[in-house]
Amino acid sequence: MPIRETLPSRPDTSERLSREQLAELVAADIAPSSYVNLGIGQPTKVSDYLKPEQKITLHTENGMLGMGPAAQGDQVDEDLINAGKIPVTELPGTSYFHHADSFSMMRGGHLDVCVLGAFQVSANGDLANWSTGAPDAIPAVGGAMDLAIGAKEVFVMMSLFARDGTPKIVPECTYPVTGLGCVTRVYTDHGVFLITEHEGERRLKLREHYGITREELASRLDFDLHY
Amino acid sequence: MTQTAKTAADAVADVQDGSTILMGGFGNAGQPMELIDALLEGGATDLTVINNNAGQGDAGLALLIKERRVQKIICSFPRQSDSWHFDEAYRAGEIELELVPQGNLAERLRAAGAGIGAFFTPTGYGTELAEGKETREIDGINYVLEYPLRGDVALIKALKADEQGNLVYRKTARNFGPVMAAAAAHTIVQVEELVPAGSLDPETVVTPGIYIDTIAVIPTASGQRAQAGAASFSRK
Amino acid sequence: MPIRETLPSRPDTSERLSREQLAELVAADIAPSSYVNLGIGQPTKVSDYLKPEQKITLHTENGMLGMGPAAQGDQVDEDLINAGKIPVTELPGTSYFHHADSFSMMRGGHLDVCVLGAFQVSANGDLANWSTGAPDAIPAVGGAMDLAIGAKEVFVMMSLFARDGTPKIVPECTYPVTGLGCVTRVYTDHGVFLITEHEGERRLKLREHYGITREELASRLDFDLHY
Amino acid sequence: MTQTAKTAADAVADVQDGSTILMGGFGNAGQPMELIDALLEGGATDLTVINNNAGQGDAGLALLIKERRVQKIICSFPRQSDSWHFDEAYRAGEIELELVPQGNLAERLRAAGAGIGAFFTPTGYGTELAEGKETREIDGINYVLEYPLRGDVALIKALKADEQGNLVYRKTARNFGPVMAAAAAHTIVQVEELVPAGSLDPETVVTPGIYIDTIAVIPTASGQRAQAGAASFSRK
């Protein structure tokens, strides 16, 4: 299994996690030798915490395996960018391929882990991260729907509560969905949730919580929380 | 048969009004900028364009859209920080948008080149982008039926061509080039260098010459490439 | 159009064509710069008559464009074979690709001409060339069905009459078909036939005849021959 | 994660009875002969084998069939001048045959690796090999619906691997290798040479290491290769 279940050192659970701590936690949970795609935005930060001894190979959906860190100064090359169109570098063992091959790799289930941001995740693992459904918005989807359904494990990273205090893990997504039943873990500032198959149903389980009690967490979520 | 055009203008001279144009590139990487400039100059209009994006900044595809020469765009990610020309046309209701998940876009182009009539893909199932489409459960997984995307013309960019049209690309600028080359009735490539047949290692050819109709040689210095990069990158 | 309509010098029409003349005729009818797949058996002979100035590129479905002549002596390399598993050579401008890409090239309509042998061709262009339907035969199809439906033009090369004198161009194939309505030309020892769309119907037209009168030809075929 | 096996026997040690094995090669070119020999030695039985052919002469797949270890074969061209072991097993009713047009075989393997649930292909429409299959007319062309072919294990052959499993092939020995590598749960490759990561030009990698689980290094001299070729070629 490409997922590590225990951390060498878990963060302090009395406070909610910072964005950096969250990225570090996700990075530590990725098993050695995994092939991983890090989505645009917050998930990109995970790469800062991957350790060389983990031997993680990063995929970018615009046609590359073995992506290195962001390019600096003279390294910048407009032909070498990631899915966020940021100039990057290549590592020994890199390979390039065309878009159909790259998305076949994703859709065919060959990536071990993909880490995505989200607007909402439902308790059974539906993901909403591509559109707020605002009537005047210009829609754009990119590779979000392919990432959502492709990898063996789909990790979401987000804050547990929106600015107005409403939870972003919900009984059913109210934002337009990106994929159904695809999320396997939700990493948030207030806790890590696993979504697993249980007697034919996908359900959400709290793995650990940060800066909030289990009771308060349960009271603020609109569905039954399993432990 | 692969022919070499003297200029970018010659290369795109036969593009007709109302054509469907497959346009390579992911952002600026692999975008056949000089061919698009020539298309702009040439005047062809009422185009349907298939590209991953909907143009960025004030160059290439963005200018075609600004001049209202594109009646419809099929793409995965139109909205970017610098997609102002598309944004304006779209809000004015002056461009039609068909939004396609990026992997389905690539696979539909691949299907067109490969003679596949339609295919069942899991991507997009249960989402707004699959509304009204045929679906089917196969071995416990839900799929959406998607159809090929063919072009009248493809405009792509590669690093080198040999005289027979065999192509090699450079890094992530490869992106949609190979699938678009095979999906269009007429494929035009701009390359930095044209080399004699036999100069490319046959094991390393990415796009065989059978897919290439017209080659335009547009030399670009690596320095310019890096500089252009530094100046024009924008967050997806 | 990749098909040449007139020959520099037509063969004498008073005698039926030899196999060599037939191969030469087909070779001369292939337009310059075409991409061509020559089937196993009789069609392979066409390559002996292709002229360098025609600049024909040969495809072999096991993953190669730019195939050269059969390998001789030291040239023999078990990694470089054609679809008939004969050792061949490569020419300048060769490219290699995998099987799915190779058959995409065929199925996607990118080859200009494919030349095949046949047991039977029907007057509307159905092809039968993969199985005699004999009850004890071990079936084998290879790439026959892909070749039949893929190329822009499908030329068949065969003798017009079987050994028992029955015509091999028939109103309807009695052998198991390889593809429907796919043949565009039939090159035989006794004549060349074009199959073209006419008011929504595909029909067969005699282009020229060898060693047989038009009347005799018409009387020996079980369908109406157009001219 | 890509691992290197000490011997061909180690590489195939975990192959289970009843497995579906994707076996690379078109005739002898690209056939992973030493891996198949190890499989023969290892004793796994009740196999389903997917290969273009059904073995030739007295080696490799032909011997697996001779020993009745293959209960079913899915292939395009079983009958050859030297397919005597298959012929005998088939006539004795001791092997099941699923005959698939070669392009559909390749595309069904590709679909398995690419996560495509099914696809409409024109190949085989109206023939015996499409009897009972779903058909559909799309834009005036008739198609047959075909499904993916997945393997538990793929045994393939390449020229070189780097330590991360990236592969390059040699000439027409490439054939089914790349599509089979992606279509199996566990892919085992035999290579002539293993090189450090970074030794292969990233532009020329044909099969990325993500598809490779086990590498077995089986050195072969080029001379032997040519000689073996001269001795064993047989007309399709």
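Letters are used for the chains, namely A, B, C and D, taken in the order the chains are written, and counting of residues starts over at 1 for each.
Criterion: a residue touches a chain if its C-beta (ideal position, glycine included) is under 8 Å from a C-beta of that chain, and two chains touch if they have at least 3 such contacts.
Everything numeric in this text was worked out from a predicted model, so none of it was measured.
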{"item": "Path length in the contact graph (chain B to chain D, fewest steps)", "value": "1"}
{"item": "C-D or B-C, whichever has more C-beta pairs in contact", "value": "C-D"}
{"item": "Approximate Å spacing (C-alpha centroids) for the pair chain A, chain B", "value": "29"}
{"item": "Computed distance of Cα centres, chain C from chain B, in Å", "value": "35"}
{"item": "CA centroid of chain A to CA centroid of chain C, Å", "value": "55"}
{"item": "Where chain C touches two or more other chains at once, by residue number", "value": "90, 96-97, 104, 106-107, 150"}
{"item": "Contacts with two or more other chains, residues of chain D listed in rising order", "value": "107, 110, 114-116, 121-122, 169-171, 202-203, 206"}
{"item": "Chains grouped in pairs wherever the two touch, ordered by label", "value": "A-B, A-D, B-C, B-D, C-D"}
{"item": "Complex interface listing, chain B residues touching chain D", "value": "107, 111, 114-122, 136, 138-139, 141, 143, 147, 168-171, 201-204, 206"}
{"item": "Partner chain C, residues of chain B touching it in the complex", "value": "1, 110, 112-116, 162-164, 166, 182, 196-198, 202-203, 205, 208-211"}
{"item": "Chain A - residues contacting chain B, complex", "value": "40, 60-64, 74, 76-87, 90, 96-100, 102-104, 106-107, 131, 137-146, 149-150, 176-180"}
{"item": "Residues of chain A that touch chain D when the two form their complex", "value": "32-33, 35, 57, 59, 65-66, 90, 92-97, 104-111, 150"}
{"item": "Complex interface listing, chain B residues touching chain A", "value": "26-30, 52, 76-80, 86-87, 90-91, 97, 99-107, 109-110, 121-129, 142, 169-179, 206, 225-226, 228-230, 232-236"}
